[in-house]
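Structure first, commentary second.
In order of appearance the chains are A, B, C, D and E, and numbering begins at 1 in each one.
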């Protein structure tokens, strides 16, 4: 068990979640649909979560895992608020495209 | 105590006038200003007997960065305070018989200005001084903004920001001084005694010099001036030219020379050349100005340039001359601008070419105007002469050739002043001046007082010298250390 | 099993146990928020604002009692010192924030007059924001930091978008939300890396790690940098400032006021607290970045503000500029410059709220929020004009108002720590600043205005007066705040 | 063995993430995100965080993503496919994100996570342990987060509730 | 005696104050009497002092300490000595007469009171100038008289050209004054005092440091050229004739213009110790004298002729100073004061009679109409022309003798110029008083002799002009030269320094005298031929050409100044004021502001309103900061 487990170094998790994080970033930049952008942010959060869990279980203290709960809490709240905003915007503009939101500038 | 009284009275006066309502504003203001003047007279008297110790005020104000409420009144300050409190009543009086909208605001701002000026001249703590210096800017700005001429907005804003820019550099310099100072305080005594390395002084010099040069103003930092003078209401112009410019020259003596002797030693020569060049430059420009106030503005640039030159000559004659000339110029220029205002008020124009022939319509006015002009072209037995003689001598001691150039002001000054006088007052009455009622009572009083001062100082200036001699000697000797 | 008891009994214990210092202010504030909602249900809207103000007064008192408190953080019988830590910094900033909140609530009474049916929601949310702010001034654990930031931010997203039928408000809300969430993600990544490096979320341990081996651990450094970036976003520092002008402009004016004053200072307090404790050890490492950011912030903020015509947007950029000045205190963290931050924050809050207290009624009457709205105010309402003028002068940093001493204090601290060049830049920047503040003053005094009657209600007038009075007071007698910490 | 699982899971995670980013139809994005989240849950299990894995599935797949789906349906974006940004911006976005990735790697490359050994399965990831921490050390944040929820709830209602003006 | 000394300047001052302040409350015309009497009174004081003041005795009157700064102190002090007494008598005496004359001359002028106010002020300043015990006091008077001349030249201020003339006079004087001022600085700096006596005593040891004294004296001399209308600063004097004629007589002939001579004699030791300066003075005097005389030949304005003659005579005095014959200079100064004042007053009387006509081409045949004027004018002309036994004869010849003795060339040139004097004077006399009247009948009918207040001064002055020479009768008359002996105390120290030749033999002196006298008479005779027998009339302005035209236009010196100094100065002023100041200096300031705003405008464009862009910017920002962090 241990030997085999030794074979997954922590760095790989670091690498993976960094990559996921950047993927999320790219998504945020990439998409115009606010919902998708929001989802990309969720992806970023999850990459963070994964890294936290990895750290916590590799270093053997559970703070990380507890933290993950809080992140989930906040993520849920954020999503709720965000989607509510989206809905109210959709009511006014009939679209969730963020690029048409450029009345406020300069 | 006396000092605080001197400082506070104008502030209270400003409030009282503000609450007093516009109807009696001018009279209340005049009364309180005169009271302040009387108080000043008493202070002078007290100074003669008790000396500066009687005016020493010290309270610690801010602990964390040590700033103290330190007021003092030595000879130099006393002279400047005297000038201020002497001119302000005249300035207020000059506002009588004029229709001024919202008079209470106007006069209370003037008194506020007086408060700030007295503060500048009595503050003996760097930051306190700086605060007063800044505060002085606010009332004058609003005076010019609310009661000024047509295109005042841009001009006054430029004036404000330009001068403020200089001041902020000075603030920066002061903070640097604070941390260079082992005692870490702004107290003038410690600033006088502290030791700063030469390279630090040499760049700190510019922080302060720029602030003062813009305020004075020394060419080439003078471009705000003529426009501002033209656009401000007359009382504002009087405040600016009569007293506010003196803040700069006073500060040169009080702060720049003693605090940064090495910096002055290093850059003084350049400053000197700037000043002298400025004198000639401004005088030449004044030769052909078309607007009366512009002409006076440029002449004032030339005069204060000479004052600054005398200060940078770094000898007792130069300094004495500068102090006397500050006083004299303050009085004369107020007189001149008042005459300009009287003309404007009667003929509604200040364009020199449109005027003419006023003399035989208003003999009293023309006589007084003549005297003031003579004072400003430094005719012997007028106050202007004493100042310019000493200043030029100071410059001469510094460098002969510079004094020759600076001396050109005697010729050019006569040239442009007399040209102006000729075109405005002499000749046949022009179309612009169909009739020209002679002076009203308040105008008589103002100009009369000014005339008396012009001759009084010109004939017997010694008391002034005696007042400031010890201070200046001290500053000079201190530089030698 | 025993924790269950604690869990059940915490409310009473926590509420009654006077020894729990920060915690009880928190609880009272939260309770106040609940109370708002309750009053909505009990349909006592009329009383809401007075009750809140009263409550705030009480909380203020309680908070001040903590000034000389022992460092003991009992919550529900459990020692929470690993989560929160009260010190003078906390108490002072809490006091300031509560004061600001008081002013804001006073204004909101008239501001939300037309939206009575949502009043309780708004009020509750603002109170919760205050809770979050208190968390942020007292956290000693990254979890608390994160939660505090999120409470404040999420509530603000809501408030920013709270004008549902106003597309500008929607836009502001969504922009703020998206970017804010993005920033939180970055913050989290930073926290995670920090955790990975140090193995803990507790500030003291992180501090210890940073001091001992912080510079050796790249992961820690990256984490720290990301965290710093996220906080820079929250305080709207260049290049993370883009949200603030748009959001300020789009949000309802009162919310703008809230963001510009209370929230900004809160985030600065949190930022300062984090830098001065957790990341103190790697200050040299972060300062190089911060210098660049500060310079950029001051330049961009001041320059762009020159060309603004919308008052709220103008204040947004001026807020960016002021953020630049306040970053100086975070640079000069070595000498305890929190006092400077406190003083500057106070002067900034007073001036800004004062300005908005004049602006809100003007906007309401004139219907547009550009600077032209103030045209001719000097003649119509000399009192309001005077108040606004003084506030602007204070923002421009002109004596004898508090703004000047604040600037002076910050510059002085920065120079003391050897940041001469950047301070000089700050001085130059503040010269530029004067220009756009005076644009407002000029509009009031020189432009001819239409005759739309402006009638500030009593409460607005009170707020203006209080702000200006305090500005003057602090400017003349700063001893009260200066060197408090 | 573990490696194998890790690799396969990671590949799936990455692929689903990318597909979420790139698929033009919101619907597909949502679905691929859900899939991605499941794989992440798998990672959790691999990391012995069983309780967390379950919560994760419940909260995300069960709540958040449903919410997303709900909104997508509500705003009936399910059929439509949104238009993309301009080409230049897309490139900029990729470059930007890529740069970020590279920079982070560059900064992190010299990381030594030396002392971390794989923990024995000491039940750290189990519900009782986590719960214990949550209600003792983390009680205060726990309570605080309720404030967060409260205000989020108010907000959601406030914003989403339909009002006819 | 101190008290009397104080009274001397104070009385005219009182007159000034009374006239100036109370003028309009006094009965009309009383101003004239107040003025005259105040001057007369101070004249009496002068005489009283003169009576019992020994030649070598000096009285010092320290009124108060004027400027005491640092290491020097300048007192507000007066002093009286031989030289002062001479000047005082001239100033107050002639001054009184002219006051008296003015009562008649200015009668009915609207500015009657003002006129006497100024005149008294002038006397006061002139007295200060003469009595000042230090250079600064002298400078007060120096500038004061300049001011009064300004006021009086522009007395009729409604007339633009008059004002220009007045301003010109003042400004040109100021040029000289700057020289004077700098000279004072030198003295003050190196001698440590401005007290004239002290300076005179210290001078010899200062002579050691080369060039110093020369610099001082040159600067002082520049002052003198301005005040005494020498080349190149003389052009203001002819224009100064714009003033009322008594003013020309008093200020621009008798007193003020001689201030330069007085000042140099006052500090004769300094000058004696700077021989190079003396040479310069000498040549300036020579050239001026000749130059002005030539111009005088062709002038047609009666006062202009006299003006140029004044310039020429002043040149002569400077020659005397240049030769080191200080007392001779003073001698000629005195006699010149008499006859030139007389000439001007006579001219004034003529103008008065003709109601302001000044062009001699429109005069003629006045000798029967205004006999007294004619007689006095004729005698004065004879005196100035150097006809033997009249005052001018002696003073002039004394100078010529000195010239002959030291430098023959000078002697020749000066002789020519003195002959020219005779020529233009009698051209004037003949054209004015002989033949028939060339004006209109209408004017002729009004011509009448002036009232007694005008004629009496003429007569008194005429007597002085005739017999004035007695104060300096040369040795050949076997009397001691009174003036020399009287001034000995003043000129002694310098006399030792300048080696005079042993003096010339009597025979030679007689020869020179007779030559000069004959030359003058011949010149007069030639004029008689030209203007009486041939009855020539100077041609009108436009018809003249060639050298005549050049002379008539005063060698275009004024034009030269106008085109090469005044106009360029104004051009420069325009350029500075409108181009350099506004377009460059001010633009620099504004440019800074505009740069800021445009910078703001540029940065503003980043705020495009697109969320994606914002996030991208943030990401890029992070990346950049990371890179920076990695690199440093």
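Operating definition for what follows: a residue touches a chain if its C-beta (ideal position, glycine included) is under 8 Å from a C-beta of that chain, and two chains touch if they have at least 3 such contacts.
All of these numbers come straight from a predicted model, not from anything done at the bench.
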Mutual neighbours - chains that touch subunit A and subunit D alike: C, E
Distance in touch steps, counted as few as possible, from subunit C out to subunit D: 1
Most distant chain from subunit A, judged by the mean position of its C-alpha atoms: E
Pair of chains with maximal C-beta contact number: A-D
Closest chain to global C-alpha mean, per-chain Cα centroids: B
Farthest-lying chain, centroid of Cα atoms versus that of subunit D: E
Intercentroid distance (Cα basis), subunit E paired with subunit A, Å: 99
CA centroid of subunit A to CA centroid of subunit B, Å: 67
Gap in Å, rounded to a whole number, between the CA centres of subunit E and subunit C: 80
Distance between the centres, which are taken as Cα means, of subunit E and subunit B, whole angstrom: 37
Subunit B, residues touching no fewer than two other chains: 161
Of all residues in subunit D, the ones touching two or more other chains: 85, 89, 92-93, 96-97, 100, 104, 107-108, 111, 113, 137-138, 141, 145, 148, 152, 155, 157-159
Interface hub residues of subunit C, defined as touching at least two other chains: 143, 147, 150, 154, 157-158, 161, 164-165, 173-175, 178, 182, 193, 196, 219, 245-246, 307, 435
Every chain pair in contact, whichever chains are involved: A-C, A-D, A-E, B-C, B-E, C-D, C-E, D-E
List of subunit A residues in touch with subunit E within their complex: 25, 28-29, 32, 98-99, 101-106
Subunit C partner contacts - residues on subunit E that touch it in the complex: 593, 596-597, 599-601, 603-604, 606-607, 609, 611, 613-615, 617-618, 620-622, 625-626, 628-629, 632
Contact set on subunit A toward subunit C in their complex: 14, 21, 24-25, 28, 34, 37-38, 41, 44-45, 47-48, 51-52, 55, 59, 61, 63-64, 66-67, 70-71, 74, 77-78, 81-82, 85-86, 88-89, 91-93, 98, 101, 103-106
Parts of subunit D lying in touch with subunit C, wherever the complex brings them together: 104, 107-111, 113, 132, 135-141, 143-145, 147-148, 150-152, 154-155, 157-159, 163, 165
Sites on subunit E touched by subunit D in the complex: 612, 616, 619-620, 622-623, 626-627, 629-630
